[in-house]
Amino acid sequence: MTEQLLPSVEFVVKTLAHTAIENEKYFGDLDAVVGDGDFGYSLARGFELVERDWDSFDRTDASTFLKKVAVVITSRIGGTSGPLWGTAFLRAATVAAGKSEGDAGTAVAMLRAAIEGIEARGNASLGDKTLLDALAPATDEIAHQAELGSDGPTTVRAAAGVARESADETAKLQAKRGRVAYTGERSIGSVDPGAVGVAVMFEALADTWPAHFEGKTA
Amino acid sequence: MTEQLLPSVEFVVKTLAHTAIENEKYFGDLDAVVGDGDFGYSLARGFELVERDWDSFDRTDASTFLKKVAVVITSRIGGTSGPLWGTAFLRAATVAAGKSEGDAGTAVAMLRAAIEGIEARGNASLGDKTLLDALAPATDEIAHQAELGSDGPTTVRAAAGVARESADETAKLQAKRGRVAYTGERSIGSVDPGAVGVAVMFEALADTWPAHFEGKTA
Amino acid sequence: MKKFVNDPNQYVPEMLTGVALANPDTLRYVPEYNLIMRADAPDDNKVSIIQGSGSGHEPAHVMSVGKGMLDAACPGDVFSAPPMDYVLETSKMLASPKGVLHLINNYTGDRMAFDMGKEMAEAEGVNIETVLVDDDVAVSDSTYTVGRRGVAGNFFVIKVVGAAAEQGADIDELVRLGNKVNSVTRTMGMALTSCTPPAKGSPLFDLGEDEMEMGVGIHGEPGRRREKLHNANEIVDELLDAVVPDLPYKQGDDVALMINGLGGTPISELYLLYGHAHEQLEARGMHVRRNYVGEYCTSLDMAGASLTLVKLDDEIVNGLAAPAETAIRTF
Amino acid sequence: MKKFVNDPNQYVPEMLTGVALANPDTLRYVPEYNLIMRADAPDDNKVSIIQGSGSGHEPAHVMSVGKGMLDAACPGDVFSAPPMDYVLETSKMLASPKGVLHLINNYTGDRMAFDMGKEMAEAEGVNIETVLVDDDVAVSDSTYTVGRRGVAGNFFVIKVVGAAAEQGADIDELVRLGNKVNSVTRTMGMALTSCTPPAKGSPLFDLGEDEMEMGVGIHGEPGRRREKLHNANEIVDELLDAVVPDLPYKQGDDVALMINGLGGTPISELYLLYGHAHEQLEARGMHVRRNYVGEYCTSLDMAGASLTLVKLDDEIVNGLAAPAETAIRTF
């Protein structure tokens, strides 16, 4: 199940970018329920730049590539999402440093680093009703599937399922971080836009993964 | 058919005041169709003052009384209506000067003077889509009924009928005076608020006249 | 009705109370006549400048009282010309040996109230002259109407005449100046939404979600025509196409450009409009020497804007650049 | 959407273009970073004062650039903190030997962008200090949130710090002053309607015809609670009851009182609110020594208002009374 790391990373980033741009309105509407409505806009504008500069990114290795993506996102996305997502990509890049191949374990290590980055930057923990509440359980599921020896498509599909379930579950939580936390109890009852964003992105990966890596996976 | 002039004049003014106050919203809505919506408000505020100061008006004779009413209206009603209605009352007062009794002929003379006052103050003529287009034909009808020898209630009812018909007819006219004239052809299709106001007032007089002068009319 | 209001009948007095309380040292408030006047007026060495008109256009005209601007304003109720009595009493209280100037926005009601008030004040010995403001190109001047309406361009007449009065100009000179500024000033406005007079409690007219009203009056009167909603640049172009050829403003002209908000439009949008209008005028060979972006003459809470041009010469520029104070202060 | 807009993505740049064209002599515009800066900045003898925050709050903060106010503003998109890059580049361009002061409204996004930008600019040798503004009493300061939000009270911090910077104060002195003004400033706002971000094209939330939102945030975030619509005086009383006991402001205090419009509320209504607020404060034994009525920090086209109190001493009054210039001029 070991693969070239750069093409996989490129594929993932491209899918995330595409998904962010396609779902601008949906993500924005989610943020408008109790937030300020700009989550879709911020993400779309940032990933548009990623798409625009796509060909110019240094592709020496996966780590360099991810760092370039992180810089575009951190520098040019405003709102809370720019620093958070940029930090996540940067931390993932650090884990990828020196690696030219990777497997599910590599993915889990990169995602865990991203999660720690978000926790540190946002001063947030699991259960605070943020994107972490989808990203962390989905990452755990990848680790679990790896233990079971599942193939790529199965792993990603399982992670997407968990991400979606967890994102839906955020509706029960009271927000403790971010703009929505100001509203206190009134945040209960609606899902966290960041968590749903993560779920939608995992689902997009699950939908396209088999086609892309056809024949390449174990 | 000759009567004491002061009580009749008092009755008419009281009825107009009551009608203006009761119809504030209706008159305002009419003015909002193509105008600025304040006709009902202006008239109601002015006639409220007339009601408030009612007992204090000098009642030496009908003319003095009407002059006092004119001063309240001219001084304290804003918009176009203050000067127009005030002038009308003032001119009627002039005709009533020196008279303690009056008949339908007196009423016609007073109304014609009021009409001339409005024409002069507003630089308006019949057909310009103003209150004149109800007031002038109604006045002519009073003269006509007087020629026929009709009694008071019959005369007022006939005048009210003509006023209403004429007010309805203003919908066909293009406004040539007042704020509504700015809209040009777009004024066609809706009635003139001033003309409807006159009709509603004549109808109120027709409804109350018999009760008030029961037994006193020929 | 989504408005801050207590008793709609007290809307204007309560607003004036606020203006007076916010300016205790410089303004005097006379509730009987809705009168806001400079505390130091009348001044024997200065013509007193007075304006009336209906309320609902704030900061016009009651918040334009101050040094180098109006000496007094006696507004009527919302969208109603002041009663004659207000004009009379205000003229008497502001009487100066140098005279009193009535700056009148050209509406039937305003003209009647000021005509009657002037006649009666003159009978009591007050010397009064009149300048009419009628800058609105949306209305064609016909023999039928009282003529063009006075709208946001009013600001420029007040500012230039106010500056000259402050410097001691005689009343005839002020009449000349006022007429001159008015003669080179043109405005056209448009509405994205209607407005809601407090006493009515509902919008004056209905505009569809995809409609706008071109040439709207500042009392919510319908304008030239109702159109499909256009984007900001197209709207500016349409306003310019109505205003520029009217005087006409020509290549090489120095102009002042005003983008005036009608009450419900945020200043960010006004600056967006300004940017395009400025660029278009420069592209047509005019030079925007002074600019004004904000609310000068509103129509309650109407979303919309008007565009005003003034053809400048040194005399007008000096008047516009002179210092002034008003009842509304940012600092 | 009833707004003046072309391409929603170009809303902020087009507005900034308008601001720049309206102030050709005094401001410089750097489109890459949404940067509006004083044309004469940086000044070697003056600390440079910078603010970021999202757009949609105009005149805050980009129209507060000018002598005695901000030296630069680098706003993000509508309601979004600026990207870190803007903060970094603005800090570098405004670098002065006397230092750069970041005036940050206390929101997660703003703080992250400024924290990261500060770190990176410091690495390039820029000396930066920070003052946080968090005047909103609607939000209770808990361990969970980033703390109170910065809203209209921001103006007072800018004004006092800006005046001191103009007089050559050192950066430590500015930090002290800024923190001091912030510590005596409290605000609470409420909305009559929602607002419509251009990129969203529809209102951020729904408010019934008979409802209002107490303690609303300036990004359309819901507030403390939704209530039945009250009349103007009752609303003022409710705002005062939230603001006054918070510091608390006490009998005998000299205060500045601001009634800030949220964008869609006409100035006539703001003065109506002001009148009652002024009277109530005086009735509670406070003395309103300075007043501010108008738009200072808006939420796009939201109808609503906020009430701010500042406890005054001579140092603060001097800063507030000092002359200043901004990008928005009435004359």
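In order of appearance the chains are A, B, C and D, and numbering begins at 1 in each one.
Just so we're on the same page, contacts are C-beta pairs under 8 Å (C-beta built on N, C-alpha and C of every residue); 3 or more make two chains touch, one makes a residue touch a chain.
All figures in this text were calculated on a predicted structure; none of them were measured in a lab.
Engineer: Common contacts of chain C and chain D?
Structural biologist: none
Engineer: Averaging each chain's C-alpha atoms to get its centre, pick out the one most distant from chain D.
Structural biologist: Taking each chain's C-alpha mean as its centre, the farthest from chain D is B.
Engineer: Distance-wise, how many Å sit between the C-alpha centres of chain B and chain C, to the nearest whole number?
Structural biologist: Distance between chain centres: 33 Å.
Engineer: Counting in whole Å, what is the centre-to-centre distance of chain A and chain C, each centre being its mean C-alpha position?
Structural biologist: 55
Engineer: What is the distance in Å between the mean C-alpha positions of chain A and chain B?
Structural biologist: That gives a centre separation of 76 Å.
Engineer: When you check chain A against every other chain, which residues touch at least two of them?
Structural biologist: none
Engineer: What parts of chain D, by residue number, touch at least two of the other chains?
Structural biologist: As it turns out, chain D has no residue touching two or more other chains.
Engineer: Mapping chain-to-chain touches, which pattern fits: line, ring, star, complete or other?
Structural biologist: It is a line, because the chains touch in a row without closing up.
Engineer: When you check every pair of chains, which ones turn out to touch?
Structural biologist: Touch list across chains, by label: A-D, B-C, C-D.
Engineer: Considering only the defined contacts, which chain D positions touch chain C in the complex?
Structural biologist: Those residues of chain D that touch chain C are 2-6, 11, 14-22, 55-56, 58-59, 63, 159, 192-193, 207, 209, 229, 231-233, 235, 263-276, 278-279, 288, 291-295, 298, 300-301, 303, 305, 320-321, 324, 326, 328-331.
Engineer: Going by the contact rule at the top, pick out the chain D residues touching chain A in the complex.
Structural biologist: 9, 54, 76-86, 88, 107-109, 112-113, 116, 138-139, 144-146, 149, 197, 199-200, 204-205, 217, 219-223
Engineer: Touching residues of chain B toward chain C in the complex: what are they?
Structural biologist: 28, 32, 34-38, 41-42, 45, 74-84, 86, 121-123, 128, 176-183, 186
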